[in-house]
Amino acid sequence: MTSEGVPGSTQSAHATAGADGAPAVSLAGLTRHFGERTVLRDLSLELGRGQTLAVLGRNGAGKSTLLRILATLLRPHAGTITLLGEQLPRRAWAVRGRIGLLGHEPLLYRDLTGRENLTYHARLHRVAPRRIEKLLSAVGMEARADDPVRCLSRGMVQRLAVARAVLHRPSLLLLDEPRSSLDPGAGELVEPLIGRISSATRVLTSHDPRAALAEADLVLALSGGRTAYLGPPSGVDETMIRKLYA
Amino acid sequence: MTTHVRHLRSLSIATVVLLTASLILVFFYAPLDAEQGFVQKIFYIHVPLAIVSLGGFILGGLFGVGYLRTGKRIWDMRSYCAIHMALIFSIGGLLAGSIWAKASWGHWWVWSEPTLVSYLIVILLFCTYQPLRFSIEDPERQARYAAVFSVVCGAFVPINFIVVRLSAEYLHPRVLNLEGGNMPGPMKLTFYTSLVAIALLFATLMRYEMAAKETRIQTRRLRRALMGDDAIRPLGRSAAPQ
Amino acid sequence: MRTALAILRKDLLLELRTLETIPSMAMLAVITCVIFHFGLNRNALSGQLAAGVLTVTLLFASMLGINRLFVAEREQGGFDAFLLAPVDRTAMLTAKATALFVYLLVLELIAVPAFALFLAPPHLGSSLPGVILILVLSDIAFAVIGTFVSAIAVQTRARDLIGPMIGLPLLLPALIATARGLGPLLTVQASGSPPAKWLAVLGLYDLVNALLAYAVFDFLLED
């Protein structure tokens, strides 16, 4: 099964800048508070186009907050963000249509069918209806597309969520534990859509740090909102992982 | 950030002086009302309280606009303090109004007085301000929603007065007389002194509250910086901005 | 505009599918008529009393609809889905207010005949155009203020309480105008045309609130 539109390209294993040189994601001094607590403190990094950033850290370290900021759902309190050439938050509206978020919530209405949900999102993103059918078969959900989402198993809902996230062909994918509810078979199905071969720039978090390291070009480890490590995956060893997740 | 402590002393002194002056005027200088007698003097408390509190609500709305435009917490604090203080003053104004109603028309509450009725509606509305803040946990969202509330409800104050006035079957002549500014000299002086005194009281108390809150925020910030994030016990659920 | 339409279609589809809001609103309105019969111990109402009872009945029923308006968005991630899309954010206000307006119209299709049946106000039939005009204007006020209040309430902990608490005082001018406007229409000597003063008040109140809501709604959606 080839990925949508791109004939089986492969990524180089090294963390080099993207083809045109400009980074896809550029953070400088990013800070975010929640009341009196500081959730993210002084984050800086650069991620080239087509590369994958793995964000490691315990629950509460700030991973989900970082993803939500990159999705333009939250504003930074200090620092600058440049996504796909546009500066946030001023130009957030310009870049929104090119970001796909797959979070903990599937963002699907439980009383609507899979097809109706995707139709709604397609209308919001001005995507042609044909693409809905393509994606439904790509995630293996054509048979159950007309069942209300509340009747579907968690794995099926996650597959629909993947379809929703890539519906508008985003260049930047933000994946918060994308394989959490998927069985291995489904995991293979969605790989061309959200995996390395999708050729999108990706930022992902995972409960399984070793799996995340395997597909990363760049690794950011967060501890209490601060950068504990930023560099290639080869620099991360077992002791660091244990300390992070202790 | 100790901006609010400046001038606090001179403001307090001015307030005390004017309050004393207005009380003296009310009790010894203002003429005794022929019909209602001594109780009518509550008017000099009720109307200024009402005017200042309504002004406070609208001020809260203006500060809310400031917060929405700049995102700076100081505006949210100003908005909160203004509305908080205005609510306290307005309840006082409502009680005074009730006493005045009893003196004027023999009942503790009258529907024929449109200003009193719209005053009640505004108070009921702003009573929901603190429950609203109290029930939003995310501090930034709390500040933002409170600001939106203050803007919309601040705009509501004048609109409400107009509509209720339209709905009143008849206007009591006494109120028109007094509000139209057709007051004889001594009454005028007493009234305006009282008004200025209560406005100053509002401003002073508001500053006290803001200074107190600022100090608390700074202390907590220092303790955080010195002893680390976890050393501070989180503030209990609070309606006040942090 | 297209965005607002997409949201509206989704909402109406959801309502048709789940039938959560409209039947309970209608049920409450009908029961309220019965309650008023017993509470006032009257078989028929006329004039200002009839107008007041009808207005209050519709108000209580609307509160149900207002409380439910954004719940699906909040609980099933609809806000995030919308905020991620490259669309104008006030489309949500337009869509939701229109949806609420539609629910209120359907409510009135059931509640007004029920009111006519149980509490027999005179001349309802001949004053019907005037009544409809006033109710439509009143529905616009309910829809705009209801959407505004609901958007605030859905993000709070005390969801079902905060909505009515804030909404009822804000709705009072509209209620006054509706009740006063309907009063002369439901009397025995009804002329059939509603008093212009109250139509003007309702219209202006609708306009002012629509503008205010439009100005502040964005701030309620962002994070």
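A, B and C are the chain letters, set down in written order, and residue numbers restart from 1 in every chain.
Keep in mind that, in the parts below, a contact is a pair of C-beta atoms (placed from the backbone, for glycine too) under 8 Å apart; a residue touches a chain by one contact, two chains touch by 3 or more.
Keep in mind that what you see is a predicted model, and the values were worked out from it rather than measured.
A centroid comparison over C-alpha atoms places B as the chain most distant from chain A. The chain closest to the protein's centre is C, with centres computed as averages of CA atoms. Two chain pairs are in question, B-C and A-B; the one with more C-beta pairs in contact is B-C.
Between the CA-based centres of chain A and chain C the separation comes to 41 Å, rounded to the whole angstrom. Centroids of chain B and chain C (each the mean of its C-alpha atoms) stand 32 Å apart. If each chain is reduced to the centroid of its CA atoms, chain A and chain B end up 49 Å from each other. Within chain B, no positions touching two or more other chains are listed.
Chain C has residues 222-223 in contact with two or more other chains. Within the complex, the chain C residues that touch chain B are 148, 152, 155-158, 161-162, 165-166, 168-170, 172-173, 176-177, 180, 197, 201, 205, 208, 212-213, 216, 219-220, 222-223.
Residues 2-3, 6, 9-10, 13-14, 17-18, 72, 76-78, 80-87, 222-223 of chain C are the ones touching chain A in the complex.
Listing the residues of chain B that touch chain C in their complex gives 68, 121-122, 124-125, 128, 131-132, 135-137, 141, 144-145, 147-149, 151-153, 155-156, 159-160, 163-164, 166-167. Contact residues of chain B toward chain A in the complex are 138-140, 220-221, 224, 229, 232, 234, 242. Listed in rising order, the residues of chain A touching chain C in the complex are 68, 71-75, 93, 96-97, 99, 101, 103, 105-112, 116, 120-121, 123-125, 148, 164.
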